[in-house]
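In what comes next, chain A is part of two complexes: it sits with chain B in the first one and with chain C in the second one.
Let's look at the complex of A and B:
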């Protein structure tokens, strides 16, 4: 079905506001009498606080309050940005205090100061005297799980947070029926989101004594709930406002600074207090991507059909649970869709360590597991002397497959077409042949890797989304959604959907980008690549409701039955031939001012999506490896996605560009480094943390295979996170093809590559 | 918010050195790309800053009648990169200048600040070492000229008295005339990065023989350094791959690299050996020699 607005690269609704500086972010707002909050951080990775003396800090002129674990509510709360669950066993682990009485990583918040300005606050921090009892710093999962290791959290034996996995089919039989069983080990590093805008918020009590928090978050409604939990106050007593946000990538799908910010304003009688993290702070005390270690076994027939898969995983969650075991679970769950084997066993363990806290980050466990498995598959293909593409093609999922555990059904699948397209873009066959027998100091190779993902979280969590539309006198509308625009372009996509349904030019849909929990419809937020798919359903539903009400109203005005009418190009028209009945504006005006039937048209919708659509895709990459220096140069890279129908091709391309560049950093250069003994982060700044610059980013080729998923509004599936999943294994496989050296640990930075090449005798 | 207690702008060099003499707490700020970072990290509490940005004479880059190239301490990296005098005579310094930071940083960061900061990783340092640059230091008592090699005293420490300021760099024609040079910045990123290793080489050839080779390295020890043994070895040697390999091996002998979380000693030494040769390959061609296959 042809659409007039959906599928077009319309201009971002916030483009002008953002490029002219009119878009306001949290830091752009200012309250009268605003104070500044600063956090004192533990210098020890693992230490009990014996005593705190704040008297000198408190006495410093300009200091308004000093907070410690003794002065703030002592209620343990969870921080993960998941919807609340009525089932207590399904809730996130509550292991965090606003200020801790036991430091669990270097940088843990042990006290805080509220002062008239930053300099005074920082001076005051230095005057706080704390006596610690230092405990052993457990900086690796192995150390943490060791018999007799001190417990980071008293209630978790061996420091294991959780180890729930899954198993189906008879794996032993699957392996014994296999012609080959291959094994491999793979490892990924912790990385950081590095969104442009650091965590920032300000909080105050309003005239009614309600707590107001303005914050840079992906999840305003969840922030409201968790602040309520942390302070032990009614959730309705908290109002959270989310202005424009400068990126999140999952790091703001977590509640980090808001409870402390709230405690700060309460400590000064409700005066506004601003709390802003520096880059150095944000890199240690927000969230990171979980580092994983994998052990994999795959049983195959001699023609390459996978019989059984065994994956053991150790996930390092750091000092607090945050999203905790959900990362390992989700990665294992989303992996299952791509190569459904008759038997599979997944044994993940999520372990606490005395390192910065790992949480949600774009891809949510899938970049890790797909790096491991897609690397593993390339080694298998190599051993079977089979083209890596052919091996995958023999095992791809088919439409109609129902996942045994989630019960999600594959209703659309374009992975084969994605691979075919990518293969052609990179000229796979030609280059595989050309680069077969290389020697010399510069060697080239092509590699590829695939992925599957999900659209939202069903059936793991609820998928409620809200949308509200008000039609104005001129036929234009305001759209409010509970889902948050954080740079990904969702507001624009929603505007397109409403414009499509109501026959409006997209400029006549005004999206209210700010979420305010007092005003905005309920939605759990921006995560899980759920916007276009999940919130899209609510938006379409709201627009259709307004349309139905409008046509009904016109029926009343004209005696023309509503079902024969339609909306096109700002007109009410006959559905069958497009003949104009009246301009939209005339009808809209009547809805406001008709002396008898006047009643402005609105809709206020909520949608609980109990479906999930599985997106797929592939990365193809060509590299040149400098054998002597260990440097890997990306010459070409293509991501081809099946994300259902693409609502806005230009914005979708932007998503892919961002994701691929993030994937390249993950593959080649990024890693947070810690001192193994002390647990101190070594490179929590953007000089020493090697986020690629635009100069390091090659031209990124983007392709879409547009399937139409029947469950999504307009046939959409998720696209937000998927682009980051497969670049790292594709690059690793390209290096493998170029050099024959298997780099099974991320990142493949020059130092590490040098060591491996030396081992392999290439240097 | 920076902890700045005072800020004065000097109008001229004599004004600046008089101010320095009157207040030993004054710290010079030029482009600010190092000073502001130190302030941000709390390394300069209650800073009293003396800005020299208004002193236009320190921005000039010129070539004197005797061929000496004079680079004012306030010349920015963008200015150096775009300056024909630099391009035509010492292109390796232009290469070093453009390898530094990003465009915004290069527009304000000065070569004087880069050297006075005393870091072994300073992008301009290894080339200034290879060029045998000298520094003119001024104070209210007068001036002195020191070779760049003697200016570095240790990591972050330079031979600059509290009442002194650097006014310009002097590069004699003997340091560059007839030489071909090349700078390689080896870093993890192509921009906005600190060098893992900086290699600057200058070479003079006659026929198939090296007459003189100069090798300046950054991040191969606590300060930038010259590879004296390798330079001695190269003199008079025939230009072919084995000689270059020998120079590379000997260059490592002058280094004092250490293992840190940034890179291992073994890797750094391997890079010195490899990149010295790569830089020479280019420098030889620039000096009028043939490409070595």
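Let's look at the complex of A and C:
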């Protein structure tokens, strides 16, 4: 069916506000006489707090309160931005206190000050005296799992947070029936989200004594719940407001500063307190991407059909659980869709260490596992002397496949078409041939890598989304959703969906971008690439409800049965021929002021989606490797996605550009570095942490294969996170093709590449 | 120590007393309410806080407010004239160069300065000029397109 607004590159609904500086973010709001909160951080990676003396700090003029673990509620709470579960065994690990009594990483929050300004607050922090009993810093999973290692959290033996995996089929049989069994080991490094806006919030008690928190978050309704849990107060007594957000990428799908900010305002009788992290703080005390180590075994027939897959994974979650084992689980789960084998075993273990806390980050475990597996596949293709594309094609999933464990069914799959398109874009065959036998100092190669993902979290978590629409007298509408715009463009996509159903121009759909848990319909938030797919269902449902009510109303006005009517271009029309019955505005006006039937049209709806559409895609990349320096230059890179129908091509391309750029950083330069002895972060600033600049970013090519998934509104599937998944393995495979050297550890920065080349005898 | 300074802010004269330790960023944001000036790092690494000082781009977080004395400051709030988007703003909207928007004011100002310089830039030069700005959302592609479009549109305006 042709659509009039869906599928068009309409301009972002918030673009003008953002280019004029009028878009207001959390720190752009002021309360009168706002106090400033600051955090005292542990200098030790692992230490028990023996005693704290705050008397000097408290006595400093301008200090309004000093908080320690002794003054805040002693309730352990979880921080991951997951929906609450009624099943206690399915809840996130509650291992956090607002201020800790034991430091578990360098930078852990051990005390806090509220003062009249920043300078006083900083001064006061220096006056807090703490006596520590220093314990061994466990900075690697190996050290943490060692027999006799001190426990970071008392209730986790060997510092293992969890180790639940999965297995199906007879793997032994699958391997013994195989002609070859290949093995490989792969490793990734921790990286940081580096959204441009750091974590910031302010909190106060309003006139009714309700706790109000304005914060830069992806998950306002979850913040409300977790602040309630942390402070042990009724959840309904907390009001969370989310203005524009300067990027999140999963880091703001976690509750980091809000409980402490709430405790701060309570400590000063409800006066407004602002808590803002500096870049340096945000890079150690929010979240990072889990570093993984993988051991993989794959059994295949000699013509390349995969019989069985074994994957062992060690995931380093740092000092607190946050999303913890969900990352390893989710990576392993989303991986399963791409190459369904008859037998598979996944054995992940998530380990606590004394390092900054790892949590959700765009891709949620999949960039790690696909780096490992897609690298592994290229080595297999090499050994079988087979084209890497051919090997994959023999094993791709088919439409109709039902995943044994999640029971999710593949109803649309464009991976083959994506690969075909990418292959053409990069001129694969020609370049593979051209770059076959190189020997100079600069060598070129092309590589590719694929992925599968998911749209939302079903069946792991609930997928409830809310939408509310109110139609105005002129036929324009307001739309409110609980899902948050954080830059990805969801507000614009929702406006397009509503405009499509109601026959309106997009400008007549006003999306209220601010979420306020007292007012906004319930939705768990922005994560898991769920907004267009999951919240989109609720938005479409709400728009259809308004449409049905309106056509019914017109029936009452005109005696023309509702089912013969439709909405088009701001008119009520006959469905069969488009003839105008009356302007929309006339009907809308009547709904307000009809003396008998006047009743403005609204819809307030919720949708609980129990489906999941699987998106697919591929990266193709061409590199030039400087053998002498180990520098890798990306010459061309293309991402081709099957994300179902694309609602807004320009915004969708933008999502892919950003994801690919993040993927290139992950592949080539980004890495948080720690001192192995002390656990101290060495590069928590934007100078030493190598985030790609415009100079490091090649021209990024984008393609879409538009399948139509029957479960999504308008046929959509997820797109937000997927672009970041496959660039790293594609680049690694391109380097492998160029040099024959297998770089199985990220990032592939010049130093590491140089060392590898040296080992391989290239230098 | 306080010092009285006067400068022009988006075309208006401002007389103001500042602490000599205060950054221009803090004065603009927190004392004068120009919140379009963003803070992404506070130490000169990200470019989000860019303003124009006598037409030159400056990281206002590492520029002392007292240095603004006698100068002409322009922030993002002063770029649109009479409610009309500037050529640069228009290009950023059209090219999809805006996502979360946090880097946007700074990039619009740098591009504005490039346009006003009247010079021509190759793509590589342009990239170099924009490389003081981090953007984590866009992969820079549409930003580069918007900047190129701005400069072309600016050139056409000059020729007309």
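One rule holds in what follows: the second predicted complex is superposed on the first by the 763 of 763 C-alpha atoms of A that agree within 3 Å, B and C clash if a C-alpha of one lies under 4 Å from a C-alpha of the other, contacts with A are read in each partner's own complex, and residues count from 1 in each chain.
Please note the rule applied: contacts are C-beta pairs under 8 Å (C-beta built on N, C-alpha and C of every residue); 3 or more make two chains touch, one makes a residue touch a chain.
Everything numeric in this text was worked out from a predicted model, so none of it was measured.
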For A:490, select first, second, both or neither according to whether it touches chain B, chain C, the two together, or no partner.
neither
I'd like to know which partner A:669 touches here: chain B for first, chain C for second, both or neither.
first
Using the touch definition from the top, say if A:687 reaches chain B (first), chain C (second), both or neither.
both
Considering only the touch criterion stated at the top, classify A:71 as touching first (chain B), second (chain C), both, or neither.
neither
Using the touch definition from the top, say if A:18 reaches chain B (first), chain C (second), both or neither.
second
Classify the contacts of A:629 with the two partner chains as first (chain B alone), second (chain C alone), both, or neither.
first
Using the superposition described at the top, determine whether chain B or chain C touches more residues of chain A.
C
Given the touch rule stated above, what does A:605 touch, chain B (first), chain C (second), both, or neither?
neither
Report for A:244: first if it touches chain B alone, second if chain C alone, otherwise both or neither.
second
Would you check which partner chain A:286 touches, where first means chain B only, second means chain C only, and both and neither mean what they say?
neither
Take the contacts of chain A with chain B and those with chain C, and give the residues found in both.
686-687, 693-695
Contacting residues of chain A [partner chain C, same complex]:
9, 11-12, 14-25, 27-28, 30, 193-198, 244-247, 249, 278-279, 486-489, 650-651, 653-654, 656-662, 685-687, 691, 693-695, 697, 699-700
So in the complex, the part of chain B that touches chain A is made up of which residues?
1, 3, 42, 102, 186, 188-194, 196, 261-264, 267, 270-271, 274-275
Chain A partner contacts - residues on chain C that touch it in the complex
29-30, 33-43, 45-46, 48, 75-77, 79-80, 85, 89, 92-94, 96, 98-105, 108, 127-128, 130-131, 133-144
Chain B-touching residues of chain A, taken from the complex the two chains share
117-119, 122, 628-630, 669, 673, 682-683, 686-688, 690, 692-696, 749-751, 754-755, 763
